[in-house]
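What follows is a pair of complexes built around subunit A, which joins subunit B in one and subunit C in the other.
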Partner chain A sequence: MTDSVQPSPTGAAVAALRPVRSGAGRTWRSQGPYWAILSPLLIILAMFYFAPILEVLWLSFSDPELGFGNYERIVTSDAVLRVFGTTARICAATTVLAVLIGYLIAYAMMHVGPRHRTWMLAFVLIPFWISVLVRAFAWLVLLRTDGPLNDLLVSLGIVSEPLHLVRNELGVVIGMTHYMIPYAVLPILANLQGIDSRLVLAARGLGASARKSFYRVYLPLSVPGIVGAGILVFIFSLGFFVTPAILGGGKTVMVAEFVSIQIMQIAKWGMGAMIAAVLLATVVLMLVVVGRFINLKEMLGAR
Partner chain B sequence: MADRDLRLEAISKVYGNLAAVTPTSLTIPKGEFFALLGPSGSGKTTLLMMIAGFVAPTDGALYLGGKPITDDPPEARNFGMVFQGYALFPHMTVRENVRFPLWVRKIAEPEASKRIRNALELVKLEHLADRLPRTLSGGQQQRVALARALVYQPEILLLDEPLGALDRKLRGEVQGELKALHAKLGTTFIYVTHDQDEALSMSDRVAVMRNGEVLQNGTPRELYERPETKFVADFLGESNFITGEVSGWEGGTLVYRAGGELLRQATADRSLSPGQRITLAVRPERIVASPQRNGEGNWLSGRIEAWSYLGKYIGLKVRTDAVGSVNLTMPGWTSDEALVPDKPIWLNWDPGAPVIVRDDR
Partner chain C sequence: MSVKAYLKDVAEMAAGEFKSGRLSRRDFMTICAAAGVSPLLLRGSPASAAANEVVMWNWGGDAVACHSDVFGKPFTEETGVGFAIDSSGPSEGSIKAMVESGNVTADVCDGDLFQAESLGSQGFLEPIDYSVVKKELFRNPDDAKEFGVAMVYYGYCLMYDSEKFGANPPTGWADFWDLEKFPGKRTLYKWGNGVFEAAMQADGVPMDQVYPIDMDRVLKKVREIKSETVFWGSGAEPQQLFQNAEVAMGMIYSNRALLAERDTKGRFKLIWNGGLSQAGGYIVPKGNPAGRENVMKFLASCQVPEKQVNLFKCLGQAPSNPAAVDMVPPELKRYNSTDPENYALQVHADNHWYAQNYEAALEAYLNEIAS
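Right after this comes the complex of A and B.
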């Protein structure tokens, strides 16, 4: 799905989606032959996917010693708490911004001709093909204190001294929002395309102004797309590694980077595994809670 | 209230180089049930959308009660609209759908609830007020759309093929209900349809459209009995067309030649002169078939090509030497001789039965 530099947390998010998606109500017996065909795949999945996840879970309880020692750190360690707090804050900001901008783009795409729509879609999708690493460095160049953006703002007299746009949380949010916008645009666009355009006309014909028609008819009908995009963006954001590492300048540590530090630099495998397990549990819990209110299958296009 | 008429003055709509509606002028008096009838692509919906304010006319003007409304946005016109497919808000219950126009108009409680109740009673849907539109049948959805469009007592109700999605039997019922509703409310109804029976049975007046042009507008009876063009004669009901050449006048009756036969036609049009080609339309039910020629009038001989028993009447197709195949219907066949293919037969019609039409095909 995303760049190979940050595969595992995103993979966790996808793994979390899978049980929710496959809850179809047909009987096992009637589908026997199909399961037989699928079984090699299931065995591979079990060996290379579920087994490592179980291994990670086991590590979080067994290293350095058996017990809940690692999990106690959630409440006892300021560092762990800070990392979770930072992650939640950045992900929330990224989600809100990406969904807002994504909605505006999708809305605009719905209201231009088919030719312009194709071009807009191309521009939305082009970033997909550029390495997340390259993009992070590009933002770093653009936003740094003596970068082109600050030069422009200072020379135009809009600000008296350069803004600190990068190597902080703001920089991380900018970089992540940029990365996430396509993930917001696509589900929202799919949803908006499903809205009968005559409904807005009907609202106008019944006496509503353009603004009222939007707020009372169009916007409520696009809520499924907004929520779907929000879930997708938030879950993907939780696992960001490269972008915060580069644009955060080492000061803004998110969960994925924290896990990496625990394992790669100070060899605390149990601690790293615990954080990963908590991340996975959070994602599953979120999907369960949201799934109680909203039809996830429909929202994520799996219907 | 003649001062609340809706007047269209040379209104037109051009898309690129395609004229969706050619300059059209119409006056729709307050309280009339007016139908725009035409095949798909005839511009009837575009015309309705211009009246509603969703489509800006390329040229021309609209007046309501003498006041120009051409530049008013749809929400300022205070017209009710029932869309094709109803366009009910799927995220609102029936009651909320009906409340929507009242909310827009800032009509407060308890007045709003009272009006909603009345509107739902009017369409007999009180018991379904809290259901979502998708749980209702097509006919019920149609009535919700109607209640929603009527709850704010609009001056004019615009209906775009409102019965298009209903099955035939339900259509008949809803047609009756709509007509009763119109009589009860006295609201102007402007009704777009491609169904000629619907237009004829419901409307006070019908405008027949084709290729963006109103060909004829009049009462259903005028349109059926005195169509001005070949298209109108054919689109509204069935017609047989006879082409002939004027040969002269005999008293007040026109004599023309069609396929070697001299036929007579009652007409007030004195401008027709010998040698001129004319087209006549004659309804199948105005032609009488008999085993023998008896008496005066227009008689043509022919042979039966086909016939079908349709319960209420018999449909007969007769091949004539003079004017080709002629379709006719008759209440029954009174002769003892059986109707069999290729049997010789005589056709007769009154000189007043056909209508001279303009050939616009």
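Right after this comes the complex of A and C.
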């Protein structure tokens, strides 16, 4: 009997995940005046945005010498591989944690009254507006070996030695997850608000347990929100610089800091440009692949 | 960037073009008018570093006020030439970028002396005019290089927790590496200076024979303790680590040691044994806007012993002029890297080795600590 509710929500989720094509009917000719109006913006973008990007790309092939020497390093250099590995590992952990916590917050927000929801939204958004630098230092103060949290744990006898919670990879993940939670909450919340709550009631009415109606009805319907939040958080996480530099104890080098070291400290611009180009390509590739399954415009609020 | 900022940027670029003679005054005024920016507003911004102003490029923080008060104001009073500071940090990459772009906006960089050799040999720097700057006022003949001068010295030295090791304090880097006899967290400098020399000493090399540095040995030693070590990148970090007693021992800039001792009420103590004494270099980017004559006059003005002592009092950076070393107040001599007593205890940096090898060594070292 419970099986009978399955096709419908899954079908709805699949529908939401299907790419949407639109606007194919208009022609260049009819759009001409609009392009003319837009052209100053496009020219500015081309000059100050695309041209520098192309220059960086060119640098990655031309410095120190013409060729693919810098790109060879992706497979031949342990350092490059390790930095990519560290970045992928930290971003994956951050994404999983931020989306999980974000989902819980968004789910709770759906099930409280409007007053509470406003308050909860405020508590999600306020840290969102605080500088990343301030937040990293706040974590450092809270979590260091003689900080308030460790003092509490030791005085309660929960641990005998203070835990090493910052100045390592764990500290970076904590700091980044905290930074990313609002980016997870907002798309998930938008998605949950679109779910017809009567579907869960229907599942309950048809005899599904509370747990089962969540896992088989509500959760599948919220997959687009989860995936969207996941992409957003992962892509933002890839470029983190300040948080790992402060909370990583100097040992957790992610891609952005690696690029900065190449450019500012050891003046290997070609190498830095190569890493930046690979990062850019990774992000574009991820968006293309994910775009095949999900309507990104809708997901990221462009529609 | 706001529209206003963008327009000002356009006007600043135009100012640069105008100054370098590629743009006529009339066109410059037209661009300023079109952008709605008064040409006068552009004074004081980096691109306006004109013939009548020396721009010092330093690393910010207390150095902004100290360089202005100690070097800038007296220089302007003496010569009528203005003084301004760009505190964005003259890293080697930034200096190269500035000179290569042809838009040089700084006159003197607060860099490392070895860069006089590394950047100078690649054509990024102006040679020093020793008819204006006085060679005889330096403590070492090597302080006066073709493309830069040592105005200040930095020390990279060891501090330890006297509450933990008071009865049997560490005496040098061999003890620093001995985690059994001296348990506890460590902190070391992320950009390598001083760590290379410390690791060689910990590996049994006498202090005066650490050059040329054997990076394989250094990396092997770093691997031994890196899990217990925090690597700091900016000068305030070891100070914080000591203040909170998060580490038991660590390396610190000697100019921060006084503050760290004061912060910890004397709990953390400084020892000079086996530290590194390395000259900071004042270097001039090629084609500096204030012109050769002005910047050389400025450099000569920084040699005055009273000013060097004042800078030491303000920033803790050690003077290069021997006359200034003698004038340091007795109670502060203990913190002066170039004081004869302290200097004798330290490794004296081989700037030639740094000029040849620093980039490669730093890369290997950073890769090691990040793995």
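Going forward, the second predicted complex is superposed on the first by the 277 of 303 C-alpha atoms of A that agree within 3 Å, B and C clash if a C-alpha of one lies under 4 Å from a C-alpha of the other, contacts with A are read in each partner's own complex, and residues count from 1 in each chain.
Keep in mind that, in the parts below, contacts are C-beta pairs under 8 Å (C-beta built on N, C-alpha and C of every residue); 3 or more make two chains touch, one makes a residue touch a chain.
Since the model is a prediction, treat every value here as computed from it, not as a measurement.
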item: Clash or fit, subunit B versus subunit C on superposed subunit A; value: fit
item: Which superposed partner A:59 touches (first subunit B, second subunit C, both, neither); value: neither
item: Touching partner for A:232 - first (subunit B), second (subunit C), both, neither; value: neither
item: Partner chain(s) touched by A:198 [first = subunit B, second = subunit C, both, neither]; value: first
item: Subunit A: partner with more touched residues, subunit B or subunit C; value: C
item: Partner chain(s) touched by A:220 [first = subunit B, second = subunit C, both, neither]; value: first
item: First (subunit B), second (subunit C), both or neither touched by A:208; value: first
item: Touched partner set for A:185, first subunit B, second subunit C, both or neither; value: neither
item: Partner chain(s) touched by A:173 [first = subunit B, second = subunit C, both, neither]; value: neither
item: Smallest separation in angstrom, by C-alpha atoms, between subunit B and subunit C in the superposition; value: 44
item: Touch list for subunit B against partner subunit A, complex; value: 52-54, 73-75, 78-81, 83, 85, 87-91, 100-101, 103-105, 148-149, 152, 158
item: Residues on subunit A engaged by subunit C in the complex (per definition of touch); value: 78-79, 82-83, 86, 144-146, 167, 245, 249-253, 261, 263-269
item: Interface residues, subunit C side, partner subunit A - complex; value: 91-94, 96, 185, 190-191, 226, 230-233, 244-246, 359, 362-363, 366-367, 369-371
item: For the subunit A and subunit B complex, residues of the former touching the latter; value: 196, 198-199, 201-209, 212, 216-217, 220-221
